[in-house]
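Should a chain be cited, it is by its letter among A, B and C, assigned in written order, with residues numbered from 1 in that chain.
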């Protein structure tokens, strides 16, 4: 698996897309910090970007890489290699190279700005960790979609739809159902609702850091326990790990069953 | 050497393999023939584990290939369409495959045989179909495995390279290897094959030597014998 | 006659000129008991208590002007029995003492020092440990309370008292005190014309500072941190609040400041940081909020009903989850010239004022008020979208609630 990972990783590192992605984050970091000169504001803007864009790019990249490396995959399939290691290797190659672009692209301008001397370092590290999680989750989801759809156009369509659903539509439905059932105790439901969407989950983690003052203003023992103690942080991270684990398991499972 | 029993495979509603029993003995060249869509490539891919059969079993060297990948060390495979990662260079690809399968020195000799030196630093995406096929051949023959599977090996080759390929196949056969070939070029098959397997609608229609086929169809030459099978079965 | 006159003169001069200093210690001083020393002292005497632990309580000073000073290390342990000092006197000074273990009672308000109808008093450098009430000052005026440290160990509001509690007092200066883990840090009930500054009030179960029916007071340069419900200013007039820091008041009913039924107050140069709600205003009139900074609060300001003629200008609203929550109509309240970090407008003519107005109330804050659980959707892209559409064409938020001249840079002072 590590050999495949290595080749996928270097393959991607050489593709211009990685540089575009890296360049985008570099530019974003520089613009936010040096034109704005406000670290706290930069971190908040970054949060909005990370939560929306990282999943989108992870999804598109995952699907694109899968379809583009079909030949490579077929070449590898005839070799004495386990199927799961071929696909996991490719997946990890994509996820790791994307994460690297993200971390370096955002990290460099922030380090240049003097992040290490600032209090914002924890907020910023959390952002990066969440970004990496989202990259791993969404490229895994993208691989799942691509594995299940031979048709490239269909695969892309479903992938974008999935992103759209998780990034926007889900929250709309979520909000509507909360308003619809507002007469019932909803704190548990609303927390479960966030757990079921990796984007919401990452948002919650960031809220715990940036908006804890607001979150603590709400009654309900469940909310209090979740937001007021490290319980929320731990549960959210565990849920994120599950969100990485399940799609990866399905990649393994699907790849064993699939014909080429 | 390769034992296929009761193999079934459906793609959607399309039944591709319909109870194939096939046993390939050690040594010699087997040609798998059949009209388009008869399941030739599918059989090869099931042997390679790229297609998972619905039913039936395949044994290579007396061990089942199910959930196994190590047996592929014993097989060299030449895929039908030479698709490679396009931003990889030829020598990088060769190095990578060596890295994945193990060291070999045969590649230098093969590169010379097929006059690939000028392309060695070119990206695979820029190569012509024929050149890609040559690279494909190099990758296949650079390992010394007891089984060689060639899916349409002649595609895109110029006459000189075709002669080199035939020499190569003959040399491998002389080493006592088992070679499995599919091809549409009947003259090529007639020239190299010891035994043929004819597949029709997912079933084995005929298995035996070319002479036996001619005798069965009462035709003088091989090409007509094949045509005869096809017309008689209204394909 | 002459002799009589002479005796009288001596008596008078001993009263007015020859103030005596009496010492108290275990052995070798005039007295070994503070109580006896005080009972024996004449008005105007100084009592110096040398270091040591004195297990005394309910020390009464009645209509006697005394200056009581302790040496470093002088500890009065009341052993959970009533008051420390109970004073009714004029010109009284108590300083440099540690008083500890005040009795907890559900009936009486036992304090380390109780002043009743006392004038010209000074309480300085007193450390109260394990207090029920710290200083309880009733019907007194013209006093100073400074450099004291008061802490309690109560677990609930019911079994703890206030650190500095003024009831019907006038003209008291409360400065440089450190009050913590009590019910209220500083409490003024019917306390007028008082001045409260440079105090640090923290971890109190209810309010860091609490005004009730108290007018014409000023408090400035205080820090109120992590108190149960922040600071409460209720039913009072003409309170000046300058340069205070309100931070980390977290909870469902926690505020930086709770303003209730307040008129003609002024808030200036205060900092509200990391509070669930920075300012909670309910029934406030003619209040000027200017040059305050609201940073990282859940809500910077929550305005409830019955607020008229309040002016919010030149404040910094930085990275609050919500800048403003507003109930009811705008009611002649004004928001102008504030800096809002969430402002996304531009300033083409470079006059430092944004060219498009800012709407501090978001639709989402309405939704959250209605369905609190929807707070988990804060900062979601979907919420941003509906907030944006509400901004473009307001339906739920008051249409005229706008800062027409938002600043482009933070206000400094």
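Going forward, a residue touches a chain if its C-beta (ideal position, glycine included) is under 8 Å from a C-beta of that chain, and two chains touch if they have at least 3 such contacts.
Treat the numbers as computed from the prediction; the structure is a model and nothing was measured.
**Student:** Of the chains shown, whose Cα mean is nearest the mean of all protein Cα atoms?
**Tutor:** Answer for the innermost chain: A.
**Student:** Tell me the chain pair with the top count of C-beta pairs in contact.
**Tutor:** A-C
**Student:** In whole angstrom, how far does the Cα centroid of chain A sit from the Cα centroid of chain B?
**Tutor:** 43
**Student:** Taking each chain's centre as the mean position of its Cα atoms, how many Å separate chain B from chain C?
**Tutor:** Centre-to-centre distance between chain B and chain C: 89 Å.
**Student:** Using mean CA coordinates as chain centres, what's the gap between chain A and chain C in Å?
**Tutor:** 47
**Student:** List the residues on chain C that touch chain A in their complex, please.
**Tutor:** Residues 250-252, 254, 274-277, 296-299, 318-319, 321-322, 341, 367, 370-385 of chain C touch chain A in their complex.
**Student:** Show me the residue ranges of chain A that touch chain C in the complex, using the header's touch definition.
**Tutor:** Residue positions touching the partner: 38, 40-41, 44, 47-48, 51-52, 167-169, 171-172, 174-175, 178-179, 182, 186-187, 189-191, 193-194, 200, 203-204, 206-207, 210-220, 223.
**Student:** What residues on chain B touch chain A, complex-wise?
**Tutor:** 11, 45, 48-52, 67, 69-73, 75, 77, 79, 83-88, 96-97, 99-101
**Student:** So in the complex, the part of chain A that touches chain B is made up of which residues?
**Tutor:** Residues 3, 7, 11, 14-15, 69-72, 74-83, 256-260.
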